[in-house]
Each structure stands twice: as structure tokens, then as C-alpha cells.
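Structure in C-alpha cells, see below.
Chains: A, B, C and D, in written order; residue numbering restarts at 1 for each.
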């Protein structure tokens, strides 16, 4: 595992964490979607590079799915949904951007501390990938928790899945990576279709997760 | 009688239950079900008597049911045989009584299926020989009695009574489960045989006793845990209340004796203080509660609490003596307790049958609407009177003998060294004496207000005598009360193998004492002869009657009552249950129930009647149960907001849990 | 031969007790009258009252039940049996072993039970007042007497009256405080049980104060005679009980000569006279208490009994 | 058993329990009529049940790379197919009524039956999967189908419940995937890459040589991931709404089977950890989560107005008890946990059968509006009473035996732990009985028209639970004891 391969893989994984931070920073929905497209592309590069160094051809399919599906189709679809349903484009956060970022840094530190100490015996690249992947997952979850808009929650969820794809590709020779990425894509597709098909907007004034809360009272 | 034979009787009972479930509404179902349970109980009673008196060795039986690797064990030893007698005597009487009483049952489909199951459950508890079967049949008994209490479920308070009952019953079962878990130890040896061999350390033994006391005490009705009893017993049909009060509480006492005296090793003297104190407080509080009631069945239910207190005093004394190896005194105390178990099941069932008869005849349970029933129901009145005399522990009858034995046991206790007992036992003796006296007052009130005086309502005015089955049962039990009172030596010698089995020593043989009197302790030579007292009283009474009718005038004239010259008083001026208890309420009630009387006197010239209201507070309920229920309700209220959170907050819960665990991992590893 | 002798002595006690009872009541009334500087009715007046009542016919209330007519005989029989069991001039008679002190107290309990029921039977408010107050007094008197019995039993190691009196006669009784407490307690209970002055006024029919009289208000003729006789029997029982426990001198052992019996009965009659006189003196000195001060009065007796027992329990181990 | 027609099709039993539901799903998706669809559904479920019974034969197929049968999953496969069958019978009458009152439109029914069979397929796959990745995909598929079924009524409560269920389940599934990846990473140094590192039977042999720290981290992710599907306390939020808003057959399947399948997955990984000596025992973690769920659910029962939501919380409570039992460990507690899982799914599905019909008869799920059932509908009312007694742990039903073993084995080893356990049990019992008192007894309220309900599934389950309470077949006992030993 000579230096160059490890450095490039490390660059891409680090890049993905950086993009996750950028997503946390956004306060407009459209900007958030663009950043998410970037997130998918960086993931695709990382997976492609892993495919190259592990010479596992099926990983290229995952990279392709990442670019086409999550890079292009999903952001465009969400973009059009926001336009057609006239969804409220301002992102309301629960605890403000600053504290979210601090929390994000804390999560990354935690995942690095835990993962690096735990995966002592695994090979260097796998340890790196899994640690950074856990950071991306935690950042995705943080985004879901601290944003009120349903769409931003969906984007948070998708970035979590990207983290998982990164971890899966990092583990050398893991079967089913392609099947899992397909499964995730189906899951995400369900989300987008669900939002559109069930016309969440029609049922509730805005897709604002808070609006959903008002219908709690009926369920004692 | 072998254990298998007993199981066949239980099987017959279950068949009767099946019939009751299949065709409850048809008219023929009542006689079949009660007839079958009568036959089963009588057969089991005969078998149990043979097992107790005859030299039959201990017999066991095993069924493949219950825990897969243990199976269900059943065993009849002397203790089980005696309690089988108590259970089946009570159930035979209740079934015979129900043959007549059952016909007026408005909802037979809710009583017939569960009555035989209830009797079968009680038999099984006494027969069980391993923890799982014991608890299975214990809960079986509770469930079927819950269903019977729920029989008239249209009344709101019956549903509430059944609810309180089953929650307390399951609390009791969980406590017993903990006691058995401790006895079984880590490797889970749930058979009683294994538990007897395995001697638990002092700490475990103390814990086992506490849980046994909580478990059996809640079912028997020891004071802090008695609140369900006066709610549940009256709500059930009368023959079931008789069974619950007279017999189920005794099965609870059996549970306590089996765990503490049989499975556990020799007791510490400290425990006996707890049992004695609880017994004393229960007996006094029980009878004081009873005095304040004006509902006949609730009065009898509260009074069961008093008699359970007396039984536990006997048990406490037995444990105290056993702790110091004064085994002959322990034998005396345990015989007194077991004798009272038999007595109480006799006269309490008799009184409940009487109250059932009154309920059928008048449809009323409230004493304020009864009165003068002795004229229209003379036979029921006579048997109820015998029951009242017996329960008030008056000499010729059986109630007095067991109390007399308990007093003799108390008198043997000064040579017990520990200071705690030296102070506690006289105090408990005083409480026992006080509760005996108050019991007499309570039953003068019960009998006087219900049967004597003038009818206070039209229902009481045209009551009719009950059917012959009920009367037959009541007369049979009155006879038994008299027999046990007059020939106590017989019962004491029958109890000897039971006491011998448990404590290793027994009371001196009573039958060869001259003139059939009983001398519990040889050197003290204080003796009591029920038969001679009975003969003397009847002889002198008949002598007086003969002399007067021979020499004095025999003329008799009817006239309106003298009543110090006041004009003919209306029935309303009679003393009621509340006014009869007023002096005693003023003496004891102000401290025990915080009794307050408020008089609302109208201004002069205003024609509306004055109103006297008495409010009593049930301190146990207010101090223990209301706070607990309040705490549960408050916690439920506070936690309830978690149901109405947004998705984001639920997600933050998940993320928080994940981060917390990761932190733990980071710190620990 | 001994059997007949015992039978004769026991029969003699039964008859003697029956005959002396009205005399004792008459004597007490005579002494009270003399203390009030009145001549008072002759001592044998109670016999005349009984004879008069026996001749008069019984006037029964309309709704009186069979219990009302049976109760007087039961009350009389139970009291007579209890009185017969208490040693008067001789101890350890043939029938003394049938019952000990607890049984005698319980017999008196059943007397009270039937009397209260009889009071409630006619359904007038006076019967109710009498019975409820009687049961309130009983609910304190009975535990008091049982605690007294406990103390005596602890001292004499048995609850049998004959054993207790033999023990009292024997040398090693010694002076004990608890016996003093018990004596005072027993006197208080005796006064309460026999409805004497501080608790209840036997002489008056004043509605609000009477307890015993209220219960027997509706009785007349021979029933009233029997109940009056039972009441005086009970008074005799209590005085001879106190005498036999605390002043057992002159009690005849079993199978002693005729002279001993004469001496014994003389001593017993003297004790009765002294007891009656003291009672009369006490009644004239003290006034009647309000009904709800009686519980404290009787509570004192219960405390004395409990204190006596406690002292004995404690002293036993010192 | 070999002469069964199945062999003609060249399938052994193991593949049959997967192929039949998959095929049925495809067929049902095309069948237009409701009545035919329902009958086909029942037939498919019956065939799957028959196939699963074949697994009882002693000569089991040796474990393949993707599917296998051992003592643990044979019981749960049979249980799943049996309850799947009885629920399909119940759903036939239930859906017929829903159609009549128009709450469901016919074209949704094709979707409903197809999804039902897909759910059966995915659950059988998850149980029989030997590959932990395949198990993950199967559970994911099961989750998705139930999410769609919960939202089938398309009222806003239903959609909102489905949305909540979807987001929470997806997060859970993501965490579970991360756990699976970590297990693979732990297996890689000892077993080399490729599919072998994910085959459970191979993993269990080699696990002693894995790095214990990584295993513990993986177990945390797996417990949180699959724990969301089991409905343990901090992760339970989706369960009450999913039960209350979805159609009742789905609640029965959800409560009865899906929770068990998720917990089965957690057990698979606990067996892995138990085999590795160094791994920090997962006991304390599971015990705490179990107790928290038990106490939380017990107290939440008091304020519930909706009868299905109340029994959903009762499921959380029982899952808490089972996790507590497995957390305690030891042969007795593990045996009790397995027994409790089986008994709970049978009893809870029986409860939902009766609750389903009651809600239809009374037209409401509000507890306050349902009263006096044992008067108006005795068979249904007493069925509910018996079922609630069974779930409350009253003898002679099966749950009493498992609770008896759990409490006594815990008390003998860790006396202090029993206090919260007993408080939870008593509080839950109090709440259930309080509501039962109102619903089943008292003056009848609401409509009293006779119910055309199917009582067979309800009383079949109760009979089984009653039987198990008194006598357990020795074969089942030996399997459970063997697995209890493995569970550590």
C-alpha cells in the first residue's frame, strides 16, 4: 500500500468530511442541494479510487450510481419539488449555525478517538476510511436533528448514507457493497416519491417538520 | 388419602367448572355444578380427615405439567391434611348453601364457571409441593375469586373493588415469588424438598420472612395490606364471600406457615416480634374498622381482618418460643393458632351464610334498613345468634377455647430472655383482650340492629325465611361450633400430628384428662372444661325455669312497650348501627380514624330536620395507598409528554443515546 | 364416700351463694341508708321484692321476641355458674377445675352479651342507650380484668382460682407492688361491672344516666325477679372473688372437718359484710361520673393491669 | 417427510419458505378481485407454514453460504409462518369489513396483499439468512413494506405515523449497517476478505480470534440499529403511532413478528460476542435498556386513550423484559427470554385480533367509548379478558412461566435489579387491568350489533399459550436450552 494510493484515498475521505461541514453551514435550501450534489460527487471519486486500488470492478458501479443518482437526479428532483410545492425555502435551525458547527467538531473528534483506538489491527486505509465515515454519519445525523425543514432532514439522511457507502467501500473485499448502495438508493427514492406522491405539502401547509407537530394532539 | 386421590377430586371440580362454562344459563346448571362441587368437597374432606387422624404416611404425586425439568409435585403431610379439611369443610358448606342461594343469582353465567375453579385452586395450593405449582394455583385462586367478585360488574364499586383486589393479589404473588426465589437459590431448585434441605443464611432467612409476610399477609389481610378485603369480599355473592373470608384467608395463613415454619430453618426471635406486633395491631384495627361499618357484609369482612390478627399473634408466639427451643410452649401457641383457623372458618362462614340469607330475604345489606328480622326469620336469627356468640369468644362455644389457649400461651412467655419480647408480649396480650371485648360489642350491634327491634324498612317488614338448603348448612355449622367448643380435647389431639410435624413437639394428650377438660400445661394445672360449663348452664337454667313455673305465676300479658311512659315510638327512634357505635367511636375513633362529628342544627322555627354527619378517615388508605397511586399518576403524567414530541426530538433522543454510548466506549476502553 | 362429701360441699356452696346474694344487697342498702342518716328498708327487703315479683304476671311488649323471654334465664344460669366456681368458704371444690379465672370473666362477658341483646330487642331508644353504653364500658372492663388475670397468673403460675388462693396462703408470696396495682384495678372493674355509683346509679331510673336499668326497663314479673337475683349474685361473686384472692385466710382446704367448714363460712360472711360496708361507704362518698369520663376511669384499671404485668415480666429477669 | 410434493419441484423446505411468499406476492399483485386475493393470501400463508413444518425433520440441511437452519431459527421460522397464516385468516374478515365501510378502496387491496406476502418473504429471509449482510437487507425490506402498509389509510395521522416510522427506521437501519461493516472489519484480519467474512456459521467458529474492542463497538451500533426495530425505550417513538394508525393485521404482524425478528438479529450478534472471551459482556447495556423500556412503557400505559396504542406500549414493555432477560444471561434467564419471545408474539397477536374486531364493531378505538364487552359480545369480550390476563403474566398462561423464571433467576443473582423489574411489572399490570375493567365490564356502551368476526385465530393462539403455560413439549425445551447455553 504505497504512499500515493493512501494519500489520495485519505484526501477524498477528508474532502467528504469537509463537504459535510459545508452542508451544516448552509441556510438556504437551494444552496444546500448544490452542496449535497458536490458531496455525492466527492463520494463517487473516493469510491472510484478505492475501486482502482483494490481492483474491484463492481465498485465502479457504486461510483456511477453515486454520481448519476445522488449527484444529479435527486437534487434536481428535490429542486423541482421545492419549486412546484412552493416549499418554504428558508432553513430554520434549532440551535443556530455556530453551536451546530461546534457540536460537529466534537462528533468528528469523538468518532476519530473511538474508531482509531478500536481498529488497531485492521490495515491503515480501512482504519482511516471507517473513522472518517463515522464522522460523516454523525454529521448527517446532527444535520437531521438540528434542522426543522423536512427536506433538510432528508438531505441529512442521504449524507449519512453516503458516509455508510464510504465505510463499506473502505472495508476491502466486502461483498454486497453494490447491493447495499442500490438498496439505499431505493430507500432514498422512496423518500422523494413519498414526499411527492403523498403530497406532504398538500396534507400539511409546509413540509416544515414543525407543521407536522400540530397534528400530534389528536393522538392521545 | 393419597395425593393422587385428592387430585381426582380437583379433577371432578374442574369438570364441574366445564359444565358451568358450557351451559350456565340453563336452569339445571346450578344444581349440577354446586352438587358436583359438594360431592367433590365432601369426598376430599373425608379423605383429608382420614389422612390426618389415620396413620397414613406422607403421600406424594407428580404430574408432567409445570416447569419442564421439574414437573408439578403434590404432597399431603399432616399440615396439608389439616388445611385440606378446613378448605373442603368450607367449600362443602358453601356448595350446599349455594344449592338454595344460587337459584336467586341474577347472573349465573358469571358465577357457575368460576366457583368450582376457585375451590380447585384452593385445594391445589394446599397440595402443591414445589414453588411453581404453589404460585400457579395461588394465582389461579386469586383469578377465579377476582372473576367471582366481578360477577355483578354493572355496579361501579364492584369493578373498582375487583381492580384493587387483583392488583393487591398480584403484589402478594410477586412477593411470594421473591421469597421462593431466595429459597431456591441460584441453581433454581424450586422443589420444596430441596428448599427444606438447603439452609439459607440469616440475612436470606430474614428477607424470605419479610416477603412471605408481605405475600401471605396481603392475601390474609394483615393491616397495612388489608384494604382490598372489605371491598372485595362483600362484592362477591354470599356463598363466595363466605369462602373468601372463611377459607381463602386460611389458605394464605397456610402459605405463611409452610414457608416460615416448614421451609425455613429455626426462626430468629427478632422476626417473631414483627409478626406479633403486626398481629396485635391487625386484631385491634380490624375490629375497630368493623365497629364503624353499617353494611353487614363489610362488617364481617373487616372482622375477618381481626381474626387473622389473632391467628398471627399465635404464630408469632410459636416462632418466639421455637427460637428459644421452648418447644412445648411453641406447640401450645401453634395449636392455639391452628384451632383458631378452624374456628374462624366455621363461624365466619356461618355469619356470611346468615348475611346471605338476609340479603336474599330483604335484598338489603345496609343495617340501617333492616331490623326485627327475628320475628320473620327465626331460624336464620337463631343460627346467626350462635355465630355471633361464637365469634365474640363466649364460653360454651369454640371461639372462646382458641382465645383461651392463646392467652395460656401468652402466660408462658415471661421466661423468654430478650427485652423486646418482655415488653411486647404483654402489650400484645392487652391488644388481644381489647379486640376480644370489642368483637363482642361489634356483634351485639350486628345481631341487635339487624335482627332485633322493629323493621326499619318495608323490605325488612315482609322478609320471608330462606330455603331449606341454606338453613341446613347454617344449622350444621352452628352444631360444629358448639361441638368444637364443648369438646376441644378432640380437636387439640387431632392437631397434634400437625404441630409435631412442624415443631417436633406436641401438646400433652387431652383425651385422658378426667371429665374431658383440657389442661394445656401439666404443671400449671389451669384447665377449662367446655362440656361441664355447657351442662351446668343448661341444668341451672332448666332448674330455674322448673322452679319458677312450679311455684311462681305463669300468667303472661301482651301490651305496648313501657318505654318510660313515652307514647308509641316510631321505628325511626330506635338505635341505629351508627348511634350504637357512637360511644365506642368517641372513645377509640377520634384517635384511630380522626372521627369528627358535625351537627347541623336548624335555627329555631325552621322545620327542616337537624343533621348529624360523622366523617371517618381511613388512615391506612390515606397514608399509604393514596400517595403511591398519586406518585404513579404523577410520573405517568410527566412521562406522557414524551408521546407528543416532534420527529426531530425523537431523532435527537436516538443520536444522544448513540453519542452517550460512544463516549462510554471511548472512556472505558 | 369422698365423692358424696364433695358433692354435698359443692351443693352447699351453690345453695349458700344463692341465698346470701339478696341478703348482701339488702345489707349494702341498709348501710347506705344508715350513712345518710336514714333508717332504710330492712335487710331482708330484697327477699320480699323477689317474692312479690314472682307472684306478679309478666307484661310483655308486643314485638318482644323469644330471645327476650329466654335471656333472663340464660343470664341467671351463667351468673349462678360463675358464682359457684368462685371459692367462697372452701377452695378446690369438685367443680372448680371446670373453669379458671379467664373462663369466669368470659362467662360474665356472655351474661353482658345477652343482657345487651335483650335491651335491644324491644326497639325502644332506652334499650339502645343502655346496650351501647354497656358495651362501651365492657370494651374497657374486659381487657382490664384480663390484664389483672395475667398478673395474678404470672405471680401464681396458674390461672386456676384455687391454685392462686393456695399460693396466696403459702409463705413465699411476699409483698409485691403489682399485687397492689391489681387490687385497685380489680376494685375499679368490680364497680364498673356491677353498675355501682361512679359508673351507673343502681337506685335511680333517671333516663339519661341509667345503663344497667335501661337494658332491663321492659322486664316485669318473674323475668325481672330472675334478673335482679342475677345482679345481686354478680355483686356477691365479685366481692368473694376479691376476698378469696387478697384475703384468703379462713378458706377451708379440701376434706377438712365440719368445724373448719363452719369457721370458713363464718369468715366468708364476715368478709362479705366488710366488703358490703366498704362498698356502701365508697358509694356515699363519691358522686356519679359523666358517661364519657367512665372510659378514663376504666382506662386507669387497664393501665394498672398492664403495668402490673410489665413489672412482673421485668422483675422476673432482674 | 421426504415424499412431500415439494421435492418434486426440486426445492428443499428451506428454499420453499422463501419461494412461496415471493411467488404469491407476484401473483397477488395481479389478481384484481378482493375475495380471490384474500383466499390466495391465506393459501400462500398455509403453504409456507406447511413448508416450515418440514424443517422439523431431524436431518437438517447443512448450513449453506446464504441460508441455514439451526435450533434458534427453526422455532422462530415456524412461529412466524404460523402467525402469518392466522393473521391472514384474520385479515380476510377484517379487510372485508374495511371494504364495506369504505376505509379501504379495492385497488389498494392488491397492493395490500402483495405487500403482505413480501413482508412474509423478507421476515423468513431474515430468519434463515446465514449471511449478516443478507439479514440486514431482509430486515430493511421488511421495514419498508410495513412503512407502506402503515400509511395505507392515507389519513394525515396515518401518513404522519408512516413518515415518522420511515425516518426513525432508516436511521436505525443505517446504524445497523455500520455495525455490520464493523463486524466485517473485525473478521477481515482473521478470515480474509470476501463473502466468508460475513457468513454467520463461519464467524461463530473464528470469533474467538477477533479484536474484542471492535466487536464491542460493532455491538453498540447493532444494538442501537436493530434496537430501533425492536422498539426499546429511547428508540421506540415510531412503534405506538405505527400500531395505532396502521390496519390491525399489520399491527398484529408488527408486534408479533417484526419485533421478534429484529430481536433475533440482536441475539445472533450476542451469540458472536458470547463466543469471544475478551469482548466486554453486553449484559449491562441490554439490562439497562430493558429496564428503561419496561419502566417507561409501564408508566406510559396510564394516559393512553387509544386501545391499540396502549397495547403498542405493552409490546415495548415486553420487549424490555425480554432484553432484560437476555442481558442477565445464564441458562435459566436465556431460556426464559426465548420462551417469553414466543409467548409474547402469540399473545400480542391474539390481543390485536380481538382489538381489531372490537374497534370495527364499536367504530372507534377510544377506550372511553368501549364498555361492557363481556355483556354485548361475550365471545370477543372474554377472549380479550383472557388475552390481557395472558399478557399481564397471570398463570396458567405461558408468560407467567417465563416471568417466574426471569424474576427468580434474577433475584437469586442480582437482588437489587429485581426492584425496578417488579415495579415495572406491577405498574404495567395495574394500568392494563384498569383499562380492561372499563372496556370488558360495566354498563354496555356503543353499538351492539353482532360481530361477524373470525374467532378461530384468537382462540387458537390462546389455546397454544395456555398449553405452553402448563406443559412445554420436550423437543422445544431441548432446543431452547441448547440455544440458551450458546447465548452466554
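The criterion applied here is as follows: contacts are C-beta pairs under 8 Å (C-beta built on N, C-alpha and C of every residue); 3 or more make two chains touch, one makes a residue touch a chain.
The structure presented is a predicted model; accordingly, all values stated were derived computationally and were not measured.
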**Q.** Smallest count of steps, each to a touching chain, taking chain A to chain C
**A.** 2
Q. By count of C-beta pairs in contact, what is the leading chain pair?
A. B-C
**Q.** Furthest chain, CA centroid comparison against chain D
**A.** C
Q) Where the centres are mean C-alpha positions, what is the separation of chain C from chain D, in Å? A) 79
**Q.** Centre-of-Cα separation between chain C and chain B, whole angstrom
**A.** 35
Q | Rounded Å distance between chain A and chain B, as computed from the means of their C-alpha atoms | A | 69
Q: Report the inter-chain centroid distance for chain A and chain D in whole angstrom, where each centroid is the mean of the CA atoms.
A: 31
Q) Do you know which chain C residues sit against two or more other chains? A) none
Q: Return the residues of chain A touching two or more other chains; collapse runs of consecutive numbers into ranges.
A: 114, 117-118, 141, 144, 153, 212, 219-220
Q: Enumerate the residues of chain D that touch no fewer than two other chains.
A: 163, 167, 171, 213, 216-217, 303
Q. What chain-chain pairs meet the touch criterion?
A. A-B, A-D, B-C, B-D
Q: Provide the residue numbers of chain B that touch chain C in the complex, in ascending order.
A: 371-372, 374-375, 378, 381, 385, 389, 392-396, 400, 404, 407-408, 410-411, 414-415, 417, 422-423, 425-427, 429-430, 433-434, 436-438, 440-441, 444-445, 447-449, 452-454, 515, 517, 523-529, 532-533, 536-538, 540-541, 544-545, 548, 551-553, 555-564, 566, 569, 571, 573-575, 579-584, 586-587
Q: Enumerate the contact residues on chain A facing chain B in the complex.
A: 94, 107, 110-111, 113-114, 117-118, 138, 141-142, 144-145, 147-148, 153, 209-210, 212-213, 216-217, 219-220
Q) Which chain A residues qualify as touching chain D in the complex? A) 114-115, 117-122, 126, 130, 133-134, 137, 141, 144, 150, 153, 157, 160-161, 164, 167-168, 171-176, 179-180, 183, 186-187, 190-191, 194, 198, 200, 203-204, 212, 215, 218-220
Q | Residues on chain D engaged by chain B in the complex (per definition of touch) | A | 163-164, 167-168, 171-172, 175, 213, 216-217, 220-221, 224, 228, 234-235, 237-238, 240, 280, 285, 296, 299-303, 332, 374, 389, 392, 394-396, 400-401, 404-405, 407-409, 411-413, 415, 418, 422, 425-427, 429-431, 433-434, 437-438, 441-443, 470-472, 474, 477
(Q) Which residues of chain C touch chain B once you look at their complex with the stated criterion? (A) 54-63, 65-67, 73-74, 76-78, 80-81, 84, 95, 97-100, 102-103, 106-107, 109-110, 112-113, 116-117, 120-129, 131-133, 135-136, 138-143, 146-147, 150, 153-154, 157-160, 163, 205, 207, 217-218, 220-222, 225-226, 291-292, 295, 302, 305-306, 309-310, 312-314, 316-317
